[in-house]
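Shared between the two complexes below is subunit A, which has subunit B as its partner in the first and subunit C in the second.
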Partner chain A sequence: MKTLAGRIAFNLFAWTVVLVTAFPLIWMILTSVKPQFELFRIPPTFWPEQITFEHYVRLIYETPFLKYMRNSLILGFTTTIVVVVVATLGAHSLVRFRYPGRERLAQMVLFTYLLPSVVLILPLYLMMVWLGIANTIFSLVIAYTTFALPYALWLLRSFMQGIPDDLEAAALVDGATRMEAFVDVILPQALPGIISTSLFTFILAWNEYLYALVLVNTDEARPLTTGVMSMLVSAFNIEWSLLMAASVMMSLPLIIIFAFLQKYLTRGFGAGGVKG
Partner chain B sequence: MADVSFQKVRKAFGSAVAVKSLDLAIGSGEFVSLLGPSGCGKTTTLRMLAGLEFPTEGEIRIGDRVVNAVPPGQRDIAMVFQSYALYPHMSVGENIAYPLKKRGVGRAERDAKVASVAATLQLGALLDRKPRQLSGGQQQRVALGRALVRDPKVFLLDEPLSNLDAKLRAHMRAELIELHRKLGKTFIYVTHDQLEAMTMSDRIAVMHEGDLQQFGAPMQVYEKPANLFVAGFIGSPAMNLLPGMIESSGSGLAFVRQGLRLAVGAGGQAGQKVTIGVRPEDIALGSGPFVATVRIVEPTGHETIVMADIGGQSAIVRVQPDTAHVVGSETPFAVRTSRLHAFDSVTGARLDLAFAPPAS
Partner chain C sequence: MSGNPLDKRYAVLGAMLIAPTVLIFCAVIVYPLVSALYLSLFTIFTPTLRGSFIGLGNYAYLVNSPEFWRSLWNTLLWTVCTLTLQIVFGVAAALMLHQNIVFRSLARSLILFPYFVSTVVAVLVWRWLFNDLYGVMNHLMLMAGLIKMPLDWLGSMPNAMISIILVGAWKYFPFVVIAVLARLQTIPDALYEAAKIDGAGAWSRFVDITLPQLRDVLVVVVLLRAIWDFKEFDLIYLLTGGGPIIATQTLPLMVYKDAFGLNDMGRASAVAVSMMLVMLSFMVLYLKLAGRGERESQP
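Moving on to the complex of A and B:
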């Protein structure tokens, strides 16, 4: 049994870690509701003396923030749908069907995941230009798919391996076609894996910066990450209060999604670890 | 007329051959067991019939239709899997209704059929439960219900009782026999349990290493095993197989091995290597011309199993429970020569040898 002192020490340590991790987020939220003149006061204030939402109002009405938000949402959802559909079917094929080179194929997929994504930027950019889709959201969807897909495929593959072959065989004998068996029986079983894969892909597409910076150079297609930076950060000035307000609003969708689907995400990362 | 037939069916997975060249004709309404140890090809045979595996060579027919390329759902078969393969996210009712749904049966008819099957299998109270909320025996019934609901031509059962405890297994065995009698459909039953095969089947197909060893009625397989494998596999405790040699003996021939010498009445030739098979119940301890050493005595209540050493080889003998045998003692014994089996030691094939009754 633990002693009281031990428990207190452990709790203190845990809360210190939590505070250190959470402090930037807390600071971000507090800064976003402080009036401009309070930001650079010496000594700095922790709690705002006066709470204001003017930065949020300015962000929404006076900047292209909402356009970036729309782009990011389209980008996030499209990438997620493409990746999950392809990865689910691909993983099913890798697990269920016997064909030559199946294992090699799976290994090659993993290999592409091991490649640093920065290596692919230039070839991808040149390809997009050649295809005439540079500077579009679609080009980012393709780029994100290239590095989200391998991981998604492996994650779903380990999930699908846990689904007994007999279930699909039973559905086939019961009169289902291959596709019906997949939809009726395999998909519901793989749902936790599909949800965690979707979350992973959406977060990746939502937070990605480097590709968005290189591949897209127009406000019409810019997502939030690069949009906010180019709008508020220049060589001469950083609009801190607007930047913090933008950061808060960018984090909101992820926080909401996380709150609801967290248990699937952790289950996804544990997949394949334990059989049965 | 054969309801199901395999003609020269071969199945290979890469370089591994699961089924070598299977010829098998199963009559309409028959209950046939595919019996053999693990890896003998029985499940592969069943899965080929179900359409879940495709034969590498040969032809499979259901009725007069060649089904090699017919998808499983269109073969008019139903299958019960060893794992039951119940759809975990569907309720019991939905599980049973699934095959009907996939065949476009209307909701009202579906519900009526599910209710009727549920009544037959005493599942009525469980229709809204999920499979994981059921016991093993109940899950087994649901799997059976899903097969029954469609009224298929052929039922395929892949070791459906192997996950049940002994008592429930005996009970379900009786129910399956009853069900088969009531439905009059063709049942093809895969098992490694000879007791199931013997008690339930009209005919048993014994398989080993991808080859069909023997196909016949249970008692025929028991009384006249076609080769050494079948002889050793069918029967519990197993038949004693004692290798020896045919030698000239006076005017005739005799089977000779250490501790045993049996006059051969007909068949065989001197110098032939022969293995004789004696069932445990066909050795009589207590009197006779030969001597055995008692090694182990296992009373089971209704009988006693004695392991005895006959000329350097241990043999199993079934005796009455009231006879006392002392471990380590030597005891005379006799064999019932009319019930002896003989096999060629080299090819394993059954030999037509008649043994003369011992001179008294």
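Moving on to the complex of A and C:
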């Protein structure tokens, strides 16, 4: 790639690959702003001849979409808060304290992170029925901790291993207790890690499908994933532009988080795979 | 960590901090895991949750069930094919995005995005692309002269299997890109400079420098993705539902079908447990590797 022509050719090639990969997502956005009749053109039009937001309006006023969205937001925030609080304490313990069984426990966390949900889901279903909380958002929060807690714990542990021991030791020498040192020294240092772990945990909860399918069977508690799919199944004739509009709306929070996370990407979703 | 000033007197405090984690783990992971083993010894009618003990009856049934073996075969076929595509495209895309191209960070974001969108969104978009009458895929293939008639992408074989493999590759190859890209950035430039001076071409630099440097990360990525692809439910269930008939039914789908379609929770648990036994070898291997990396990286 020394010559200018070579560089241009390579750039063209690279961007073609990128755009082909992103095409389904571009197509989703384009379809969502086309009027219904334009979808049935043969050959299909690429750019909409006429841009309309009617599908978004219908989605909000004529479908239970907003209810699903509210459920998903409650579910996402609750799961994230519970999991990140518990995991921050746990990760701090795993990194800074020494007690028998600590290494085993860390291994256990990684093991549970790999467990298939279909193994846990039947007993969890029975548990929710027995507790009388099936069909509630709360039951989903409990179920989501099965994958979100090991994930957050593992990620936070790798973040916290990066904080030098000396910082806490210095605070202790100055007369702070262990908990004071945790609050005043470790937490501020770990804050970027905690924030990105929270965002990744939120994405996991936002995108989850299987538990929601099995544990929740009413529109009152249904999150977006199963909710939007039920719109597909229950429709008499499938309105693709409406579904594409729903898909775009569902992906908006991810795009916002994505913009924030650029520099943490490798650490977050590479967790377990690549050491952060 | 032998010279650590934070000594063992604090063990109790440490145990208290980890206690909530351990309690939650016991309630939502350890108990269900044991319970799944226990349930697999019963036959349980899902709507009433009444059951009777049948010992290893469910497992005996599965060994003689062609459906179970077919599902296992489907799971292996899906895992091997989609994983291969993920690795090949993932490494290629990572090498490409490692070069200086214009708007590189935008290009990276666009490539990574399929991994972050919900499977539900990915499936809806692909079902629209695969639509037999108005889908873009059929249109483009017809235009290119590759096919004469519109294809039924999801409803017939072998198309359905090929379709889920392709969509799986599209959805999950960015994970490989993330991991490989991170590793590429740590290969010292001096290695390439030295090879250039020795007269090595682009291809031999790739084979002799890049690939060996990537080996460790690729082993880990392959294991991790193999585990995750093996247990994939959402993508396959939402694209084909296991159909036509059971042609794309993998083990996780069989668990769901047995439990909530055929209403036998005991047998479903037996399928789930069998599936986990198959996965266990991969999981143990991964834990070993992860443990080794851990010890090396600790001072």
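Brief remarks follow.
Everything that follows uses one rule, which is that the second predicted complex is superposed on the first by the 255 of 276 C-alpha atoms of A that agree within 3 Å, B and C clash if a C-alpha of one lies under 4 Å from a C-alpha of the other, contacts with A are read in each partner's own complex, and residues count from 1 in each chain.
Methods note: a contact is a pair of C-beta atoms (placed from the backbone, for glycine too) under 8 Å apart; a residue touches a chain by one contact, two chains touch by 3 or more.
Predicted model, so just to flag it, every value in this text is computed and none were measured.
Taken together in the superposed arrangement on subunit A, subunit B and subunit C fit without clashing.
Residue contacts after overlaying the shared chain place A:Gln189 against subunit B, while subunit C stays out of touching range. Contacts of A:Thr112 after superposition on the shared chain: subunit C is touched, whereas subunit B is not. Legend: residue contacts after superposition of the two complexes on their common chain; A:Leu126 is shown touching subunit C, with no touch to subunit B.
Shared-chain residue A:Leu172: touches subunit B and subunit C both. Contact with subunit C, but none with subunit B, is seen for A:Ser93 once the two complexes are overlaid on the shared chain.
In the superposed model, the angle subtended at the C-alpha centre of subunit A by the C-alpha centres of subunit B and subunit C comes to 90 degrees, rounded to the nearest 10. Of the two partner chains, subunit C is the only one touched by A:Val214; subunit B is not.
The wider contact with subunit A, measured as residues touched, comes from C rather than the other of subunit B and subunit C. For the three-chain overlay built from the shared chain A, the minimum Cα spacing from subunit B to subunit C equals 5 Å.
According to the touch criterion, the shared surface of subunit A, contacted by subunit B in one complex and subunit C in the other, consists of residues 169, 172. Partner subunit C is touched in their complex by these residues of subunit A: 1, 10-11, 14-15, 17-19, 21-22, 24-25, 27-28, 31, 39-40, 42-44, 86-87, 89-90, 92-94, 96-99, 102, 105, 107-108, 110-112, 114-124, 126-127, 129, 142-143, 145-146, 149, 153, 165, 168-169, 172, 178-179, 203, 206-207, 209-210, 214, 224-225, 228-229, 232, 240, 243-244, 246-247, 250-251, 254, 258, 262, 265-266, 269-270, 272-275. Against subunit A, the residues of subunit B that register as touching in their complex are 47, 50-52, 71-74, 77-79, 81-83, 85-89, 98-99, 102-103, 146, 150. Contacts from subunit C toward subunit A in the complex involve residues 1, 4-8, 10-11, 13-15, 17-18, 20-22, 24-25, 28-29, 31-33, 35-36, 39, 49, 93, 96-97, 99, 101-102, 105, 107, 109-122, 124-126, 128-129, 131, 133-134, 136, 139, 143, 170, 175, 178-179, 181-183, 217, 220-221, 224, 227, 230-231, 233-234, 238, 251-252, 255-256, 259-260, 265, 268-269, 272-273, 275-276, 279, 283, 286-287, 290-291, 293-294, 297. Listing the residues of subunit A that touch subunit B in their complex gives 164, 166-167, 169-177, 180, 184-185, 188-189.
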